[in-house]
Amino acid sequence: MLRAGLTKNRLEAFSDGVIAIIITIMVLELKVPHNPEHGSPGLADLRPLLPEFIGYVLSFLYVGIYWNNHHHMLHATRKVSGGILWANLHLLFWLSLIPFVTGWMGESHFAVVPTALYGVVLLLCAIAYWILQTCIVRVHGNESVLARAVGKDRKGKLSPVLYIAAIGLAFVSPWLAAALYLAVAMIWLVPDRRIERAMGDASDSPGEAP
Amino acid sequence: MLRAGLTKNRLEAFSDGVIAIIITIMVLELKVPHNPEHGSPGLADLRPLLPEFIGYVLSFLYVGIYWNNHHHMLHATRKVSGGILWANLHLLFWLSLIPFVTGWMGESHFAVVPTALYGVVLLLCAIAYWILQTCIVRVHGNESVLARAVGKDRKGKLSPVLYIAAIGLAFVSPWLAAALYLAVAMIWLVPDRRIERAMGDASDSPGEAP
Amino acid sequence: MLRAGLTKNRLEAFSDGVIAIIITIMVLELKVPHNPEHGSPGLADLRPLLPEFIGYVLSFLYVGIYWNNHHHMLHATRKVSGGILWANLHLLFWLSLIPFVTGWMGESHFAVVPTALYGVVLLLCAIAYWILQTCIVRVHGNESVLARAVGKDRKGKLSPVLYIAAIGLAFVSPWLAAALYLAVAMIWLVPDRRIERAMGDASDSPGEAP
Amino acid sequence: MLRAGLTKNRLEAFSDGVIAIIITIMVLELKVPHNPEHGSPGLADLRPLLPEFIGYVLSFLYVGIYWNNHHHMLHATRKVSGGILWANLHLLFWLSLIPFVTGWMGESHFAVVPTALYGVVLLLCAIAYWILQTCIVRVHGNESVLARAVGKDRKGKLSPVLYIAAIGLAFVSPWLAAALYLAVAMIWLVPDRRIERAMGDASDSPGEAP
């Protein structure tokens, strides 16, 4: 097992780098509209981009939420093992597919299969995050601040169920599925106060009051 | 509320990553000219790229200014809350649209609607920055160094007015609007000395004289 | 010779940045399928992307392994010389070609020459890593923790032999060659416990038990 | 004037980010060859990419040299002013154009004008670096370690002359100009030992012997 210091810093720095690139390259999917043959470019030229823009906003939210929660979880992490490094890379792998499925869902104007696949990737990201969380908790012990902070993890258990529901729903109405993806994002938008709260009680580092 | 230490570092690192990518992917919009069918490539092949280059310079300035001011503001930040994390992601979202509107404005050779939309995105970035600043000031209290440093924030109040003026002006003359965008950038080019000055008086960290 | 502190941090930060970009831009090779002329987009549209996806997974594994091992090696590094800086850039150069050969191998559906070339780049990465390791060991001395940790470096000696075998095998069956690339990745997937173990004995930094 | 601590760290982090992206996106210029209509893809398909590959190697060297020297210069920097922040952004601006001119020089197979323009951008990078160096030296005073370390700066004065010579030479023979660009890179490949040496004498930070 590795010491936390440098290892945790580089794990965070590398994850920040990959997540920053993922969140930013999605905007490359928004292709600049070419000049129309007659007349000058207007807002009408942006209309075909609207589904891609909606997909971009949704994915920006999701990647932002993952960065935020990843940040909170590692904030409470004291030790980093080889297993944690690989569980983290595994999470980054599934996150790295978000730009692809976002692009397909947007370009196909929320067609059935691309919208369902978007949910599949979100589901796999959630599973990968759960694996990473489990690895970290196991390294720190069930009595650790982190284990208590994660606690029952209701949100973490609810999300996969909702993703699966949305994947099924996509075959009925892709836009309803997209609305459900947005609803899950809204649930998560509130940062993980469980960890913040538990940190406040147990942290041994000096500083301002939490 | 989270402690400043690690949280602030990761917030800065992630923001630096996203801003670095935003400022650099804009150059991908400058497409390498294809070889002409007759004769060898010359400076004339770059002429159609001139509007895109001007847009690139303008946006590089703006993203650079945002990085600079973001840097100064976080330098004076002592505590980071969940709200600040989200206000920061919100700012990064609007900044991430700058490459798109820069590309459209440049490729359309500063047509009316793209040039106006460029101003709209600048306006939304300014509003997002103001929200972030307000969040940070609220967390630190009205008597904090930061609150005093931001003070009346004349530049922050003037810019949105000028953006709105430029958006209107774009429908008369896009190039005049672009000149006004440049003028606003020039106002900001001077780094935020208010914070530097206030920091100098109130900082409790040891070091060289400010 | 430079002090470790800042120099090592920036070396790590820069390497993390480049490796994070390499691992993420490969996903840009996975082009979003265009909408079919008849019917709606379905999973069949993803079938032509399957070889590129397999290539992406393989290269993600390799770049992840390099990040992981690079991380462990620098964790044990105490001094950084100019030679180490250049050996590191040399490694980053060959790693930066992985997206290109991955794209060619995938798009050609694992044709003979692209699959062999993929192995050539892996071989050159391995050689560059070995040069970097040798530079670091030389700076630290043969009696250093690092030198003892690297020890006989059996994996480091086996991999090039297997890459050369796979390059030859590509001319018989590219898919067998790809399977061999995957096998080598599997050997490396286990993080370099030699260094972790030796660090545990010799580290002089305070902290939790290793 | 700002304190060195955080400011310098973020300046380095941001510069590292931008330089890492610049050095890596150049590889996107190396477009994966499309499958030939007859027969399977072979090394012959890579032949048209050779000039672009040569350009990539040359620019990778240059950007690597800039990172290396930037790293050494900031290592010796104790104070960061607003002027230094802007001089640094100015340097990053010209560096960000290297991928564009590299792509044009490579795709045009080292035609006259693109090869000359490549030298113009190198010249502007060198001037921007000199401005940054001058800003830093001025802030630290002529008697500082940094000022003594930079000393006569023979390499810094020689390079612009050689770039101008190469720009002229491009109109006679672009390949000779490219050879001269490579020669200048070779001169710089040796890291800036002046600063390393002066640091060794004057550094007040504890640590291993330099």
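Letters A, B, C and D mark the chains as written, and numbering starts fresh at 1 in each.
Here, a residue touches a chain if its C-beta (ideal position, glycine included) is under 8 Å from a C-beta of that chain, and two chains touch if they have at least 3 such contacts.
Source: prediction; values computed, not measured.
Novice: Over half of the interface residue numbers used by both subunit C and subunit D, so same, or under half, so different?
Specialist: different
Novice: Report the chain whose CA-based centre is farthest from the CA-based centre of subunit A.
Specialist: Looking at centroid distances, D is the chain farthest away.
Novice: Centre to centre, by mean C-alpha position, how many angstrom separate subunit B and subunit C?
Specialist: About 36 Å, centre to centre.
Novice: Hey, how far is the Cα centre of subunit B from the one of subunit D, in Å?
Specialist: That pair's centroid distance is 25 Å.
Novice: Residues of subunit D that touch two or more other chains: which are they?
Specialist: Residues 13, 17, 20-21, 25, 28 of subunit D touch two or more partner chains.
Novice: Per the contact definition, I'd like the list of subunit A residues that touch subunit B in the complex.
Specialist: For this pair, the touching residues of subunit A are 12-13, 16-17, 19-21, 23-25, 27-28, 30, 32-35, 40-43, 57, 60, 64, 67-68, 71, 75, 189-191, 193, 196, 199, 203, 205, 207-208, 210.
Novice: Using the touch definition up top, name the residues of subunit C that touch subunit D in the complex.
Specialist: Result: residues 1-7, 10, 13-14, 17-18, 20-22, 25, 28-29, 78-79, 82, 85-86, 89, 92-93, 96-97, 99-100, 103-104, 107-108, 111-114, 117 of subunit C touch subunit D.
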